[in-house]
Amino acid sequence: MTINPIRPTIALDQPGKAHGFLRLPHSRNDSAWGSVMIPLTVIANGDGPTALLTGGNHGDEYEGPIALQQLAWDIDPAEVSGRIIIVPYLNYPAFRAGARVSPIDQINMNRCFPGRADGSPTRKIANYFNDVMVPMADIVLDYHSGGKTLDFLPYAAAHYLENKDQQAACVAAVRAFAAPYSMMMREIDAVGMFDTAVESQGKVFVTTELGGGGTATARSAAIAIRGARNVLRHAGILAGEIETEGPGVMLDMPGEDCFHFATRDGLIHPLADLGDRVHAGQPIARIWPPDRTGTAPVEVPANRDGVIAARHFPGLVQCGDCLAVIADILTD
Amino acid sequence: MTINPIRPTIALDQPGKAHGFLRLPHSRNDSAWGSVMIPLTVIANGDGPTALLTGGNHGDEYEGPIALQQLAWDIDPAEVSGRIIIVPYLNYPAFRAGARVSPIDQINMNRCFPGRADGSPTRKIANYFNDVMVPMADIVLDYHSGGKTLDFLPYAAAHYLENKDQQAACVAAVRAFAAPYSMMMREIDAVGMFDTAVESQGKVFVTTELGGGGTATARSAAIAIRGARNVLRHAGILAGEIETEGPGVMLDMPGEDCFHFATRDGLIHPLADLGDRVHAGQPIARIWPPDRTGTAPVEVPANRDGVIAARHFPGLVQCGDCLAVIADILTD
Amino acid sequence: MTINPIRPTIALDQPGKAHGFLRLPHSRNDSAWGSVMIPLTVIANGDGPTALLTGGNHGDEYEGPIALQQLAWDIDPAEVSGRIIIVPYLNYPAFRAGARVSPIDQINMNRCFPGRADGSPTRKIANYFNDVMVPMADIVLDYHSGGKTLDFLPYAAAHYLENKDQQAACVAAVRAFAAPYSMMMREIDAVGMFDTAVESQGKVFVTTELGGGGTATARSAAIAIRGARNVLRHAGILAGEIETEGPGVMLDMPGEDCFHFATRDGLIHPLADLGDRVHAGQPIARIWPPDRTGTAPVEVPANRDGVIAARHFPGLVQCGDCLAVIADILTD
Amino acid sequence: MTINPIRPTIALDQPGKAHGFLRLPHSRNDSAWGSVMIPLTVIANGDGPTALLTGGNHGDEYEGPIALQQLAWDIDPAEVSGRIIIVPYLNYPAFRAGARVSPIDQINMNRCFPGRADGSPTRKIANYFNDVMVPMADIVLDYHSGGKTLDFLPYAAAHYLENKDQQAACVAAVRAFAAPYSMMMREIDAVGMFDTAVESQGKVFVTTELGGGGTATARSAAIAIRGARNVLRHAGILAGEIETEGPGVMLDMPGEDCFHFATRDGLIHPLADLGDRVHAGQPIARIWPPDRTGTAPVEVPANRDGVIAARHFPGLVQCGDCLAVIADILTD
Amino acid sequence: MTINPIRPTIALDQPGKAHGFLRLPHSRNDSAWGSVMIPLTVIANGDGPTALLTGGNHGDEYEGPIALQQLAWDIDPAEVSGRIIIVPYLNYPAFRAGARVSPIDQINMNRCFPGRADGSPTRKIANYFNDVMVPMADIVLDYHSGGKTLDFLPYAAAHYLENKDQQAACVAAVRAFAAPYSMMMREIDAVGMFDTAVESQGKVFVTTELGGGGTATARSAAIAIRGARNVLRHAGILAGEIETEGPGVMLDMPGEDCFHFATRDGLIHPLADLGDRVHAGQPIARIWPPDRTGTAPVEVPANRDGVIAARHFPGLVQCGDCLAVIADILTD
Amino acid sequence: MTINPIRPTIALDQPGKAHGFLRLPHSRNDSAWGSVMIPLTVIANGDGPTALLTGGNHGDEYEGPIALQQLAWDIDPAEVSGRIIIVPYLNYPAFRAGARVSPIDQINMNRCFPGRADGSPTRKIANYFNDVMVPMADIVLDYHSGGKTLDFLPYAAAHYLENKDQQAACVAAVRAFAAPYSMMMREIDAVGMFDTAVESQGKVFVTTELGGGGTATARSAAIAIRGARNVLRHAGILAGEIETEGPGVMLDMPGEDCFHFATRDGLIHPLADLGDRVHAGQPIARIWPPDRTGTAPVEVPANRDGVIAARHFPGLVQCGDCLAVIADILTD
């Protein structure tokens, strides 16, 4: 059996705060003996659980990296009971490229778990987290946003799980995160997700979608920072009360008809924005032809009542792209 | 002297509504006798001035293309007194690529006027508009937004001009546009701009910045559509009253210190958002290192009091990129 | 076991004519929730066999796509007894790129069967056809031509099979196709071919080579359209007589020495054309050096008597490219 | 004034036969002191005129390179009265890339004459031929074919010129070439052509279109070789009679409506082939949508009576590409 | 089980000297029926062992290819007792690209053994050598140098093996090679190496590092040629004495701390050169920031006493690249 | 007239030491309001001449950048009499890419002087140095090495100039540099060189070639640092004696036959190394075919007696590349 060649440059189990890297040897045309160096911070003190905090699973989503740089800088080991492992840029080559997937192997990290110890770099990283890092953790927070091509209402999310105790623990952690919205998700195609890899090891798991478009704002960055501190408080690793802005809104994506797909290539003309309440049949976008004037646009009606929770971000769209997601509002 | 090879496929001076193209012959590896086909609509009726409406000067800015497709579709020649020439995708190759500059010659159209009749495609288009299209017009509206890498408060703008009568006419048209914000601009480097080319021919000129990030919203698209109709009413080409949301805010960018540049490569952590009022010395962003944790961020303070009117959009920044623009508020 | 994520957007088993897509979710940098949309037509009526008609297995071969668009447009369900499933662009990303192999994963679809449900897009498509579409069919017609780099005499073909009844049924269908030429093929490396995948499921299978060079002609398109109608008549799905131009010529490629390979890089100077009868030892091409004059060309002699049935199409050749194929004439 | 840095490695004015290069210094990332080496043959003997024979003006047109390699190899100086200068690969970088335009500077050589001595490589080559090589010649034969994206009936051609004596001399040389077709051409955009550069120096000039698609055939190569020998005989440089197949057909392209352009992107379905006689209004092609079935094709009717003399070669077409040229038959 | 499609164009077991290719069919966009043609020479005579000599495992290492071209040209079969199989460019596509890894599949050949018969081209070549070529050999010499990104003291090397008899035979062959240095290597990650594949079949194996930087010198080429002749004499295939320059230096790389990694991106300022003796703590390089002046460089101290045996070659370095290797001197 | 948009971020005429940038606005797809930031250090004190020290004219030459970073860091303003302006990375985009020419416009900076204020970035930089920076200087030292594709004996150089006083001043400065070799150069094609631009303004100018291959060594870096200090001492800006290793060797490249060009593509087999003395007719390299074994190599003989002063660095060579330069030894 092949052994995963990734090695940390710092100890993962020493008290105090240490900054280093996960070093992944990567021989390539421009450096025969080169490496991928994934930044890593470990903050440990006394007894308590281990939290694994990850950002940059997709390389063009920025709220997680910002929050985790801030936390790695701010948290004093003396505040901690247990251990916090921080990896702001999980798919580091994708993060440096500002791209969803790695420029090295074009692999979407969040569909390649449990990875392969002898695979291409993205698979090696997935494998190392699956086999080494996640088993160390009691609770895992993996940040996502929409990236360059999607935009989301800011929410933390938990999955419907077969183990209802585990699900309840996850939902409690999601509520602790205290994003403006929370989402219950039923993944249709969960194979290969980091989420699934973590949940199948029985861990408490929180994921998020905190905005998108390949940018972050002062507002979304603040939600991300507050959320991580809240989750660490909820886990007992940091002291203090959960901070919230208010009760938040609980959403659900109950079925396939939440998703609206483009049936033509073209220029999107949005008729409703993120957070707008819409009713079934209401046009939510037009698609104008990209190559001529004087031709009628295609109109895309809402499949159902609800709130626009996600949308295609770039101004151009291709046939088959998801244009928008309309979610149910469970509690307001 | 070389003759510009661009030809319209429809007459530009016939009453009624016609949809066609500006055909630019373009011989290339994948089509020896190919063309660039720039969509064009002409709506003409009776006597009156000519308005030239253009979008897609930069190919990743979408409010203009949306508004101009909608107007080309909606406007009935019977409503018109004069002529409306609509070109939603001025730099058509850039628009199809979803990019600021043309993928063919990598030229920024808005710095290459007056172009060249025997130049590469972007220069040929610029030359054709400079020599043929702009001389036909009394008033020109050229739409811009921030594109994929900048984001703006939504405004229409006029330049400080030497001819104060012309300036007043431009400002009146900008006010007619009725965007939430209006901006007086003093270009430091106006050489090669379409704006300068139009203004130097003595025309009334309106430009805009209506958002950015390489997307449009229902809100920004509505501002763009309303603005063009308002300008056409102002010019007497359409009938009816100017529609507004309220008085709007007049801004000014009086000096070099409005611009804030990144001094390091890294991950932007915004501390203030578009539209936020800030005071001199207040940190408006941090820049975290992209390659490690445990290093202090660089903080970027506001150079002056004002409102954040523009910002770098992508989550990563390079040394020398404009991070933010702080504008003066002239009227509120 | 991973489930193939491809889903049709229309029912495959309803009477009448329906046009839709096979939707393959494809997350990528430019659309996180994007899809590959493979066009599909189903025409069904009453009882009868199912024919699966496919083009675009290689994306630069055009007779199949043309014929299948024409048939999808022309055939009235009332004409049909049974079902016709039409997929003009099997490897849709390759077809849109005008390339033999997919630009997404660089995989040659016709060497990757039975594919993988969790593989890259080309493998997913192959797997879906292997597991879902082919099992629905009684007879499969898969169109090929030479693509951008080969040119062929127009023929339909069957393989020598172990099951002689199946082989006879395939040959009968090939004769029904009524191309100017017919070919008996003994594949040396049949692993991964769609042909093999279909034949191993016991189906009647017809393949073709109808020209090449990355183009089609009025003549080759007409052969392709007539051939499909003939095969559907032969299968009893359409009514009417087989249409032919005459008896056709039966060819055979009995051995390795039919293939002629370039032994130098260079400029091809052809000395015999497609369809020319040649005898062993006759020079069929010269290869001139690409970098200088005054050097003797390499001459390539015919290995055997026969007819030039295929040739390298581009003017330049690399050492190891197949320059020409000389076939035996079984019947004239 | 800048001096063109190109230098021949052999003398251009010595009796006998010499093979060498035009050396163009070209500093680049992969060779700081590299060169572009353009193959060249000079065959000279006794008194007589000078013929300059060029191929590879566009790099994907092969009849010229083949014929010129053959002639450079075959012709014995003893046969010659005067001088033959042979350059089979004029735009050598384009020829090596198998592309119409140079991969170095993306410039179409046949629109950049008279070039520039201090320009990019294609401009330097054009300038050297304009200033040094053409002035040495009495007669110039420049081979063209359709390249990878066009296909032509095989013809030699002359232009309508203001100097009718020069025109008559050119037409006589074209008739001597004895291609199956001859063409009188009235260039609409002759600026920058090699043709124009040669004609403006008062030389006898013959150009050709001998096929296309980025390939050559035994048939088209033979026409090209015979044509050059005939032109050299006509000029008195070689002895012997003109060889012909018959009288040939004289064609004319009298106006803009000879050209037929695609109005949609899509898959071309040809309804008439090269050499077919068509009448005005007859559909010559359909364009099927590239992204779906069940949509009506666009039909392209003939603008006029005549013969299909040229056509778009690749199976896919873009809006604005020239689909076909219909020529008048002057003599049959 | 899939059969590897590679076939030699010459017999591998005939007496005399034959030059040919290993032909690997490779269907691709630019040649549907193309091949990768790997040059091969076999020199056989009488009884005796078989030596397999390979270069170009990495495509940017030149001493092996030079030596093997020279030997394939020079050696007279009459000199030989046994058989010499010479493959100068093992990863031929990488060699032609001047790159470490293949441009076709981006695979590092020396980490993909035993390869796959149905894999991408690099894997197919590895599999063919593993299954067909190595089993024919008694002794294998595989040349390496540093390639474009590393530079080495010139040495031949053997591995520490579990079978001490096999190790002794390898060390004897290494000493016979008579490079200026010899190295004992303990591979930390030997999975997938050609070395391991050969050693696990019980063969005598010699590898080398003979310089680097993507170049060769007269000096390093001479070492490579002499070394192969020496190894063939040692094996009894050629007659004559081992040629040496002197006793040579025996080196060892006993542990992880021999390797020195860059901790910053930047400009390398070397403070010690290849072959320099250094002591622990001595600075061996500075790394200057690539983007500004006025910032202190990072200094890299030697981890241990020894000799600089390898170094990063390009002037720029990335965090995680190996900057230098310091070896122990066993004998001087 | 267009004004060059480059601006320094620090004052160029203030006493003390300041580090900053030349900021060149550069609008592009990935940053609409981006800049090229060229690092700059100014060290000034009291009266005295101005020296301009530049590296990175070609981006893959490292001795200059290393020396200039070291000097910018080390020199105390108190040591200085006059002013030192240091620009380690003149063509900054090329330097960051590790490439000879800029990745933005593919322009060789050292052939584009005097540049253009409205040109592409490389031309703008050249223009700014020509018009602003050079006029400020009394003496200019511009570092070169061979880059990735050439290797040189380490020398400083002066040109034969029409003004013999200026020439003598340059030669004196070259001797002060005290490289192991000095070279008198007669440029054949001096148009567009920085050298020419500086010399034509009457300045004292020193250039160098200090190694190559795209790397630096401890040895070559030390020569570069010492040389700059020596030149500054020579100019009276720093105090102290010139440091030398010995008298040095004076070389000359008197004619075209110093240059040896490859006449074939292939694998270089060097037979003489840098610094070797060779005599006319002696083979200095073989070129082996890159695609087969068993073919005789081409041998390249020395055109003249002398010393190998420069050579092609990469292992592969193309026809027309400069293989080697043989210089005359004036003094030893």
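Observations
We just call them A, B, C, D, E and F in the order they show up, numbering each chain from 1.
The criterion applied here is as follows: a contact is a pair of C-beta atoms (placed from the backbone, for glycine too) under 8 Å apart; a residue touches a chain by one contact, two chains touch by 3 or more.
Just so it is clear, the model here is predicted, and its values are computed rather than measured.
Using the contact threshold fixed earlier, the set of chains in contact with both chain E and chain F is B, C.
Put simply, the chain farthest from chain D by mean CA position is A. In terms of the distance between Cα centroids, chain F is separated most widely from C. Centre-to-centre separation of chain C and chain F, using mean CA positions: 58 Å. The distance from the centre of chain A to the centre of chain F, each centre being the mean of the chain's C-alpha atoms, comes to 49 Å.
Shared contact sites, meaning residues of chain F that touch two or more other chains, fall at 21, 37, 60, 291-292, 314, 319. Contacts between chains, counted with the stated touch criterion, involve the pairs A-B, A-C, A-D, A-E, B-D, B-E, B-F, C-D, C-E, C-F, D-F, E-F. On chain D, the positions that touch chain B within their shared complex are 58, 60, 99-101, 108, 111, 146-150, 189, 191-192, 259, 261, 312, 314, 318-322. Put simply, chain C touches chain F in their complex at residues 265, 291-292, 319.
The touching residues of chain E, counted against chain C in their complex, run 2, 5, 21, 23, 25, 27-37, 118. The touching residues of chain C, counted against chain D in their complex, run 17, 19, 21, 37, 39-41, 60, 62, 65-66, 68-70, 72-73, 86, 88-89, 95-96, 98, 151, 213-219, 221, 267-273, 276, 288, 290-297, 313-316.
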